[in-house]
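Two complexes are shown next, each including chain A; its partner changes from chain B in the first to chain C in the second.
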Partner chain A sequence: MAIDVSTLLQILFWGLYAGCIYILLATGVNLIFGVMKTVNFAHGELLMIGAYVTWTLFSLTGLNPYLLLVATVPVLLLFGIAVQRLAFRPVLGSHKLNEIFLSIGLIYLFQNGAAMIWGGDYQSLRSPFESIAFDIGSFRLPLDYVIIIAVTVAILVGLQLLLRRTRLGLALRATSQNRKAAMLSGINVERMDMLAFGLGAALAGAAGTLWAVSGQVFDPYMGSVPAVKAFAIVILGGLGSIPGAIIGGLFYGVAESAATFTLGGAWKDAISFVVLIVVLVIRPTGLFGERGE
Partner chain B sequence: MPVAFDRVRPTVVWIALAVALLVPALASGSLYLLTTASIALVFMIYSEAWNFLAASGQGSLGHAAFFGLGAYASALTASRFGLPPALTILFGGLFAAGIGLLIGLTCVRLKEWFLAMVTFGFAIIIQTLMVSQFAGISGGWDGTAAPALVPSSVPFAPYVQYYLVLAVLIVVLLVFRRLLRGRVGLAFAAIRENEVEARASGIDPVRYRLFAFGLSACVAGIAGALEIHQFGYVTPEVFGTDISFWPIIYSISGGLGTLAGPLVGTVAVTVLWEGLRGVGLTYARFVIVGLLLILTVIFLPSGLVSLPRRFQAWRRQVEKGEADVPVSDAEIG
Partner chain C sequence: MRTALIAIVIGLLLVMACFAGCTQQSVPAAGLKLGVVASMTGPASTTGKDVWQSAQLAADEINARGGVFVKSLGKNVTIQLVQGDDESTREGGIKAVTKMITDDKVDVLTGGFSSAVVTAHESIVADHGVPYIITGASSSTVTRRTDINTSTMFHHAPITDASASQTTIFVDEVMRPAINAKFGRPADQPLHLAVIYQDSPFGKGALDAIKATIAAKGLKIQLVAEEPYKMGETDYRTTLTSVKAKGPDVVYPIAFLNEEVPMLTQARRDVGLNTIFLAVECVDDPDYYKGLGQYGDYSIIESRFSAYAVPKGSINANVGEYQKDYIARFNASPGMMGAATYEGVYIAAAALEKAGTTDQAALLSAIGSIQVPEMVESMRNGTISFGNQYHESQFNLFMEQLRWDAATQTLRPKIVWPAELKETEFQIPDWYRPGGV
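Now for the complex of A and B:
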């Protein structure tokens, strides 16, 4: 197969754009893990709920779906806080397997709850900019890709500012570094758990909006595949590391895109598992993982 | 995780066995009831397999991978080479065990998160592969035919089938019981409670975890093969997340880490499930089961089998409480 510049650009941008959605998802998983030391296996379902919330708001208001991020993200933030408070808080610290099993219950609840509310059929949303694209040589760069990449960068910068420049962020980081010491210095660690889970859910919600806006279809059961990819990225970047999630996500997005172009579309989803196994065999703590827990 | 290998009273075991033997008579000619009971037995085998792995401290979120691989391996060898399903079922188990060991090798050394993430991913990915890369062999979404477990020419075939599955379940239970009450069970408990101390006393956690993974995958594969040879066909839906989650739900609701737990859980949840179906609920059934799972993990972490013990403790407390009341009253007076 002849690979020219425009094909390379296409692989690169497609990878960046797909990577953005996974990065948001994986960052949320890592944020939650960092603070609560729990992996939320129902994270893909939060993306699905985010997509549906945006879709509902769009049907009600008819506003530009990108603007609806401003509404979807807070909805998911509150939703995440409620889930943490009602489901995870009661079993936190009892046994790791309990927290894993609890997420399984949540997956059932979210998938089928969504099917009851929104129906079990495929839905999709159309971006108002879908016909606009920039021509770079023979490569067409859709405006949506540019917006999605820009929105993701803005969200990640915002998150970084929150974590690095505010007292709240300091408290979150302290809790994730050493829970007991954080407690002793007067931080309400249980509130930090709720906040971390809420932020994780909000990031997944943003990912859901972008998923829907980019024209990908969604149904109540679509969350598992993006979740598996987010886990692959989390393992690639290192469990609990946010820079790891970003770099892992970019790498993963481009790898997936390259695999789709060279090996065919059937490999698009399978590549995540190959990445997962290869990383686990070669470097189980990931590129940026904390050494041992 | 509270794990206790409770000794169930022999009378209870005999009553359970008698009920299991009498089910075909109780079904009184209803093929639907008999099939439901027969499938419930298959899921008991499957849940026991998952529960055995959990007893070694490993929670798999993708056991459907092994269930499905066993099913496909058995169906394909039986239909391609014309071998009797009774033989190919064993091959299905061995095939699942082989793949299980490979998956296990990559994550037995790691924390429980990794195993959960890898198994969760593996089941979903293998479903994707079955309908794309391997569609030529597997038949894609349409699936492939599987010869009947007991040919319909045999008189009373559905009954023979039921007792065959029951026999496999009893063998599986006896094997797991022997293992869990012996050295292996003690080693599992030691690894679960404190891996460093287990290592200090000469137990190799990696070896025991791998053993648990291989045997669990093997039994799950046999269960998968038993199921599809009853249905007559197998589709990639055997790799679905709900097939992965059923053994978790059955084991947790019954009692994690106990031999009786998955049996009790399968019966209780199947009755509830069929009851909700009778009421005409579809999505709501899953919502209710999901909620019940969450509530069980929070409020009844040792499952239904712990209820009698809880009840006894509660009664003792009430008796003591009643005895205490006059005393404290007297003190106040």
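Now for the complex of A and C:
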């Protein structure tokens, strides 16, 4: 069967969209790991909570769900700060196993908590732009996905500006590069931990909003698979490297889309890990591991 | 302070563990203990809740009428339900069924949604010889597999072979001629069918049944796409783009409710696949209509029980009463798996009365030879029985077409096939394009 260019472009476009969700999630994981040197296995659940927060606000206000990012992101930022302060800080610096089991425990806590608050049924929400699409030949460009890609770029630019152009960003980067030196130079590293975790949660919350608004259903148990992929992206891109997370996320999104198209949907998840294994065999530190931030 | 915080976190984790572990409730030991395997948590929890609530309704109805007379005891006993949450997973099902059999000592099991989940815990049921009235899983393997003893399993749900076969025949008998006529194509032109199937025994079984039906009956249907996807998938855009490129006249997803809603929405909204979608019966649930909204307009569901379309015949009044009671109690409409489980509880009660004892062998024999009049689902010969060699009850299946009512903002079905149950004619929408383009 001959495959036309517009079909290939469409597949690439869906990959870019999926990549946006992965990038936001993986960047959050990397930010937390970069500063705290902690892997938060419950990161996918923060995406799930973000989706539910947006859905709740949408149900209450009927406002444009993209506008609700302005509310969801701060809610998740504060939630992340609270989780870091109450759960992670007490075990920080103790045995790594404590951190691992804590975050695994949080997965179940968040899932059951969400099921208690919002019920176990799946939910979805509708974008006000869902009926708008641009057809270029047989290539279809729905407005929602253009917005999702634009919002992701805007968030990443904002994050870069925060990290590169502000004193707070400088302090975060200093803590990430050398915790002791940062502490000795007067930076409150515990505050930086809270901020990093909060920002990571906020990015996951943004990913959850975009997930929901793109017409994907969500339920309290949906966070695990995106989280596993985010960790794979982080390892692929290099632990602690935000550019690595961006490149890795895009690569994963496109690879999944290409695998689904060529090999079938059953290979969608598997191909990501095949790529991961190949990259790790060739370059154990990941694509950008040695240049981590 | 640090110690206190650690204590709080540990406390929270213990609370969480309690919530996670307390999904099975214990019951006092009396009467018939009926274990209900239901997906109370996890992706299939919408269906699971329906299964459990329907079982509750049936048991309460039976008990309110004084229970079931058991000859060996010389008195009436009540039906006591034991909930087993399979957590929508194979492992969860094994855990729940093991607990119900070994700890709760249930006499009979019913429920069981998802063929993958049921096939995983069937071996435990077989090892203990507990009668199991399976009301959710649709793969024929649940009573036809040969690797375990399935003599204690009774399948009260249409098998995928029957459902897929009926749908495929409908496509050939009704949809193909209508599409060919509308677009001026030769009457014998084959219809291009794309199948998007869950990569599980349920999905693969249905795909095989579609192929077997086409081959056995010589139907003029050409399969142009066979696209698998992983259970629980939420993003179908690439799969649908691939399907669209193959020019299908009709798309047949073999999918659960939480999968078909995003699939169909993404097909119409994002991919621009302007074709008619079919659906398997397990999606015929109020949440399906609500979830799809206008994107479900003109789509087709193969069904045996619908919240919004009741077939003519003896069950009509029963369905009305069942729906009224269910809505009054749970403030929601019942779904198909719940309806079958509702009947499953009555089957267990009838078997207990017939056996006159809770002895396992007697109960098995009674279920095997039972003849219960049809209740809320239309049955062949008007009777629920497990007479064939595979212990499968035989349903009358029908096809519904969904229509969006812009005034009420609701999506509702009408029966379009077979002729004896038909409420209206099958229609092709103006936006439909053969080849999906």
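Basically, the second predicted complex is superposed on the first by the 289 of 293 C-alpha atoms of A that agree within 3 Å, B and C clash if a C-alpha of one lies under 4 Å from a C-alpha of the other, contacts with A are read in each partner's own complex, and residues count from 1 in each chain.
By our rule, a residue touches a chain if its C-beta (ideal position, glycine included) is under 8 Å from a C-beta of that chain, and two chains touch if they have at least 3 such contacts.
Keep in mind that this is a model prediction, so the values were computed, not measured.
After superposition onto chain A, the partners chain B and chain C occupy overlapping space and clash. Of the two partner chains, chain B and chain C are each touched by A:269.
With both structures placed on the common chain, the touch criterion links A:41 to chain B but leaves chain C unconnected.
Shared-chain residue A:257: touches chain C; no touch with chain B. Look at A:55: by the touch rule set out above, it reaches neither chain B nor chain C.
After overlaying the two complexes on the shared chain, residue contacts for A:90 are found with chain B and with chain C alike. Looking at the shared chain after the overlay, A:108 reaches both chain B and chain C. In the superposition on chain A, A:79 contacts neither chain B nor chain C. Judged by the touch definition given at the top, the superposed model places A:120 against both chain B and chain C. Judged by the touch definition given at the top, the superposed model places A:197 against neither chain B nor chain C. The interface of chain A with chain B overlaps its interface with chain C at residues 87, 90-91, 102, 105, 108-109, 112-113, 115-116, 120, 225, 266, 269.
Against chain B, in their complex, chain A makes its touches with residues 33, 39, 41, 87, 90-91, 94-98, 100-102, 104-109, 111-113, 115-116, 120, 224-225, 227-228, 231-232, 234-235, 239, 266-267, 269-270, 272-273, 276-277, 280-281, 284, 293. Chain A makes touch with chain C in their complex at residues 1, 3-4, 7, 10-11, 14-15, 17-18, 86-87, 89-91, 102, 105, 108-109, 112-113, 115-116, 120-122, 124, 126, 130-131, 133, 135, 138, 140, 142, 144-145, 215-219, 221-222, 225, 256-257, 260-261, 264-266, 268-269. For chain B in complex with chain A, the touching residues are 1, 54, 57, 59, 61, 106-107, 109-114, 116-118, 120-122, 124-125, 128-129, 132-133, 241, 245, 248-249, 252, 283-287, 289-294, 297-298, 301.
Interface of chain C with chain A (complex): residues 2, 5-6, 8-9, 12-13, 16-17, 19-20, 40-43, 45-46, 49, 88, 199, 227-230, 232-239, 241-242, 244-246, 258, 261-262, 265-266, 269-272, 287, 291, 293, 437.
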